[in-house]
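First comes the structure, then the notes that go with it.
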Amino acid sequence: MLILSSEKTDNPARIERTYYLISENIRIDGREREDYRPMEIETDVVSHAFGSSRLRLANTDVLVAVKIEVDAPYPERPLEGKLEFFVDCSANATPEFEGRGGEELAVELSNCLSSAYRSEEVFNLKKLCIMKGRKCWKLYVDILLLEVGGNLFDAVSIAVKAALWNTQIPKIKSINVDGSNIDIQVCDDIFSCTKLDVTGAPLMVTVCKIGDKCIVDPNAAEEQCSVGAVVVAVSRGNICTISQTGTGSFHPDTFKSCLILGISVAQRLEDSLTETLGEIKANQDVGFLK
Amino acid sequence: MSRKKELISNIGLRLDGRRAGELRRIRCKLGVFSEPDGSAYIEQGLTKVLAAVYGPHQVRGGRSKAQHDSAIVNCQFSMAVFSTGERKRRPRGDRKSTEMSIHLHQALVAAIKVELYPWTQIDVYVEVLHADGGIYPACVNAATLALIDAGIPLKEYVCACTASLANDDIPMIDISHQEEVMGGPTLTVAALPMSKKVVLLEMSQRFHVDHLPKVLKTALQGCVDIKNILDVTVSNNVKEIGSSTRWGNMT
Amino acid sequence: MEKQNLICLPGQRLSLCDKTHTSGKGTYDRRGYIYSNISGIVDVVIKDGIKILEVHSPGLQTIVPAQGDVVTAQISIITQQYCKCYIKCIGDKILRRHFKAILRREDIKATEKDKIDVYKSFKPGDIILARVLPITEAHNYQLSTAENELGVAVAYSEHGHPMIPISWTEMQCIKTYVKEPRKVAKLIPENIHEDLIARLSETTTKV
Amino acid sequence: MPVDHKRINAPESAVPYKLFTKLNTESLKEQYQKAIRDGIRVDGRKPSEHRKIFLKTGIVAHAKGSAYIEQGNTKVVTSVFDPREIPNRTDYCLKGEIYCEFKFAPFSCPKRRLHQQDSQEKECSAIMKKALEAVVCREEFPNFQVDVYALVLHNDGSALSAAVTAAGVALASAGIPMFDIITSSTLAIQGEHSLFDPNFREELLSEIAIEKEHGVVILCVTSTHQQISHFHQTGNLQLNTITQSIDTLHNTCKEIVPVVQKCLVKSVLSVISES
C-alpha cells in the first residue's frame, strides 16, 4: 500500500470548534491549513477497462475507469480525438444520491473536468486521431463516487490523472479504406500499447474560505462551515480552469491569495503524485479486500 | 462436428476448469466504508459487488409510504458504466436494473425481521463494479453481508446461487458470463439455506421438467455452500471487532 | 423629515447604523451601515426617537405569505375535514402567483370547535379573509378564520347572485332571498380596500 | 419547448457548409491575425474597449421583472418570475433558491441550436445561478424558488456576461430583495493580446490554443461591496495573467454599473408616474 501525503501531519490534535481552530492554524483533525489528509492510490483495479485507478482520501473514495472506443471526430475538429467525462454518484455514498439525486453534483464535477481538459496545452487530443476527419479514439473517463468525505474535486482530479496515466491505447496495425468503409485492425499483441502523455493533466485544488482564512482539502465538516470555495485546476504551473462552488462571494484580494495558495499546493501534490505513480509496481494486490 | 461447444468436456471439466458442482472462489469483506451503517464487498470469481445499508431510519419523502407493522426495505441496484465489456450508457434506471431492484427487494424482505422496526425504512444499495455472470446472486450475498454489518436482525442468511444444465444431463453450479453467453438454461435461486426455504426462483430458457428437481437441488446446495463461506467471514469479523472491545475473545 | 422621492437601488448605502438609525423594511445592515435591499423610494419612519429606514418599491414588491399575515383567499375544494384555497392577496398586495393553502375544520371558528361543519361555513368560490398560521409543514400554508373579523367576505348564492350578510352565520341572496349558512366576517373598513373587493369579485364572476 | 415536427431535419451527419469556406481553410494563426490587426479589432475597437450597452427593463409583460440587454450585436432577454414552491421538495429549507435557465435561441448562433438545453447551456445556467445566489437575499423567501430565464437572441460573444448583468437588473426590477447590483464582464486572452468584451469569433479563437497562453475569463462583481460573486476561467493561463485580468475586469465591471443604475432609476420613475 502506498501512502501519499503532501505535508507533515504530526500536529497535536486538539478538540475545539473548527472555526476558532482555523484562525489558529490548527484544524479539528490536527492538520494545518495547507495540509492534506493521507491518500491511498491504486491503479489497474478494473480489469474491463483500458486504465483505471482508485483513490481514497480519508473518507472520500473514488473509482475511475477509462474505456476506449473508435469514433468519428467532430467535423469542425477533424484532427482531434474525443474525451468524455461521466460522473456517477453511487447511492452507496449517501442515500441522497438515490435515483437521480446526485445528478447536479455529477454535472458540476464533469463540467469542471471537461473545461479543465479542454485546452490543447493541457491534454493533446490530436494524439488520439487515427485518420483525419474519419476515425479517432474516444476516451470515456467514468468516475464512480463510492464514498463522499469532502474535497471531491481534488480527489476526482487526482484519480482521473492516475487512471489516464495507467491507460494503454492499442496500437493500430493497418487501416483499410474502401469508399466510406474504414476497416481498422488493431495490433494482435496485447502488450504493444501506447501510453498517454499525462504530464499536463490538471490537478484541481479546492481552496475553501472559512471566516477570513483559506484552507485546502476540507473534510465534510469544514465544507459545511464554509460559504464558498474556489476550485483551481493547475497544469504545469499554469491555471487551466477556475471555478467557484458554494454560494459565497470573495473580495478580489482574498480571491488572488486563494489562487496563489492553490497553485503552490497543486505543485506539491503534482510532485508527490508523480513520485507515487512511479513507485507503483505491476501485479500488486489491489481492491477492496485489503 | 457440432457448432455448439460442450459446456462440460468429456473429462468432466468446465470451460474455466471447474467441476460441475464447484463454486467460483468467493472472497468477501465486511465494513469497507465508514459512512453507511453497514457495507460489504464480495468477489465471486471475477464478479465484484459493493453493497451499502442505511437504516433503519425515518421514512424519507412522503410519510404516507410508512407502514405501521413493518419497515420498508428500499433497494437500488446499479451497475458501474465500466462494469461490462462494452461500456454501458446509464448506471441505472433501465428495465434490467429496475427488475434487479425488485428481485433484490423480494429476497431481502424474506430474511429481514421487518416487523421489529415499524414506521421506518431500510435502504440497501448495491453497486456492481465488475460483471462476469451471476450478478444477482453476488448482489444478494453482498446485501446479506452488509445487513449483518449494519446489525439488522435477520431470520437467517439469505443466499443466492445460479445453476444450469450442461450437456442436457449434468447439473452445474455458479454460471459464469462465458457459460451464460454459450447458451443453456439458467436457474437462479435465492433461498434461506438453514430452513431450506426458497424465496425467489427465476429461470431463463428451458429444460425438461424432469430435470428440474436435480438442478434445483444443485442450486440449493450452492446456497448452503455459500452460506458456509459467508459464515466464516462473518464470524472472523465478529471476532476481530470483539477482540478490540474484549467481549468476543472467547476461544 | 419627509424627503421628496429619494430613489435608491439595491446595495446603495443609506446611512450609518447606530442607536438612532435602524434598518426597516427593504433594507439590511452590514458592518455598521444600512444598505438598500430593493430599488424604490426611501422612507424614514420615526418611532420612539429612533429613525427606521425603509425602502418601498412602488407596486412591484415581491412577497410571500408569512405567519400572522391577513390574506385574502378563494375556496377551491371543500371536504369534511378541511377546505383547500388559493391565497390571492397578502394585506393589500395582490399576488401574481397564487399560493396553495389549507383551512382545517377546527380552525374555522374559535368556539364550539367540535360542532363545526365545513360545508355550513364555506362553499367553493367564496372569497375569505384569513390569518396565516405558523408554518408546520413545508409547502402548505395553514389558515385560520377563528376571529370575528375573519371569514367569508364575498359570496354568491346557488343561483349566482351576490349575497349580503344577515347574521354571523347566514348570508342572503339579493335576488332570490335564499339564505345560506356561512362563517361571515365582520368587515372593518380599514381591513379591506373597496377597490380590492371590486376587483376580486370581478375575477370570481369570471370563474 | 415544443418540438417542430413539420420541420424536415437535416441528416445526422450533416455539417454546416461554412466549415468548408475559405475562412476555415486558413490556419488558426492567420485567422487570429485577421481578428486583430495593428492593435485594432475587426469592429474597430481597441483591445481594452467595451462595446456600448443598451439596457431596458419591462420587456416581458408576463414576467414580474425583465430586462433586455444589447451589447454590440449580442442580445439577451432575461425575465424573472414570482417566487413559487420548489417542485419535488419535501423538506423545509431556510433559504430560498434561484432557478436559472440559460438558453441560446435556435437562431442565435452560426450553428442551429436545439430546443433542449445542451451541456454548454447547462453549464452557463449553473454559473449564472452561482453568480446570482450571492447577491439575492435568499432568506427573505424561505422554501421558495425564484425563476430566472435568460434567452440569447443573438450570440456575438460575451453572452453569459451580458445575461448575468441583465438578470441582475431583471431581479431588481422585479422587486426581489438583493444585497447589491451585479455586473459582469468577459476577457479573451491569446498570447499577449487581451481582448475585452470579445465578440463571437474572438471568443472562439481564444478557446483554442494558438499561443501557449490562451483562455476566456468571466468575472461577476457586486458594485457596492466589491465582492467577486463568481469567477470562471478556461484555457491555460499563468497566475500573473489571471491576477492582472481580475483587476482590469473589475474596472470594466465598475464602468457598467452607471448604465445599470440609470436603467433601474428609470424603471422606478416610470412605475411611480404610472401610479
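Just so it is clear, A, B, C and D label the chains in written order, and each chain counts residues from 1 on its own.
Convention: a contact is a pair of C-beta atoms (placed from the backbone, for glycine too) under 8 Å apart; a residue touches a chain by one contact, two chains touch by 3 or more.
Keep in mind it's a predicted model, so treat the numbers as computed, not measured.
Graph distance from chain A to chain C, where chains that touch are one step apart, equals 2. Chain A has the C-alpha centroid lying closest to the overall centroid of all protein C-alpha atoms shown. Between chain C and chain D the centroid-to-centroid distance comes to 38 Å (mean Cα coordinates, whole Å). Work out the mean CA point of chain A and of chain D, and you get 28 Å between them.
Centre-to-centre spacing of chain A and chain B amounts to 32 Å, using the average Cα coordinate of each chain. Averaged Cα coordinates give chain B a centre that lies 51 Å from the centre of chain D. Counting partners per residue, chain B has no residue that reaches two or more other chains. Among all residues of chain C, none touch two or more other chains.
Counting partner chains per residue, chain A has no residue touching two or more of them. Chain D makes touch with chain C in their complex at residues 64-65, 81-85, 89-93, 135, 137, 140-141, 143-144, 146, 172-181, 222-225, 261, 264-265, 267-269, 271-272, 274-275.
By the touch criterion given at the top, residues 5, 7, 9-13, 26, 28, 30, 35, 37-41, 57-62, 64, 95-97, 99-100, 135, 138-139 of chain C touch chain D in their complex. Within the complex formed with chain A, the residues of chain B that make contact are 27-29, 32-36, 39, 41, 43, 46, 48, 50-52, 54, 60, 74, 76, 78, 80-85, 87, 91, 93, 123, 125, 127, 129-130. On the chain D side of its complex with chain A, the touching residues are 15, 19, 119, 122-123, 126, 130, 133-135, 207-209, 212-215, 222, 225-239, 242-243, 246-247, 250.
Remark: chain A residues 46-49, 52, 59, 61, 63, 65, 67, 69, 86, 88, 90-95, 98-100, 140, 142, 144, 146-149, 287-289 touch chain B in the complex.
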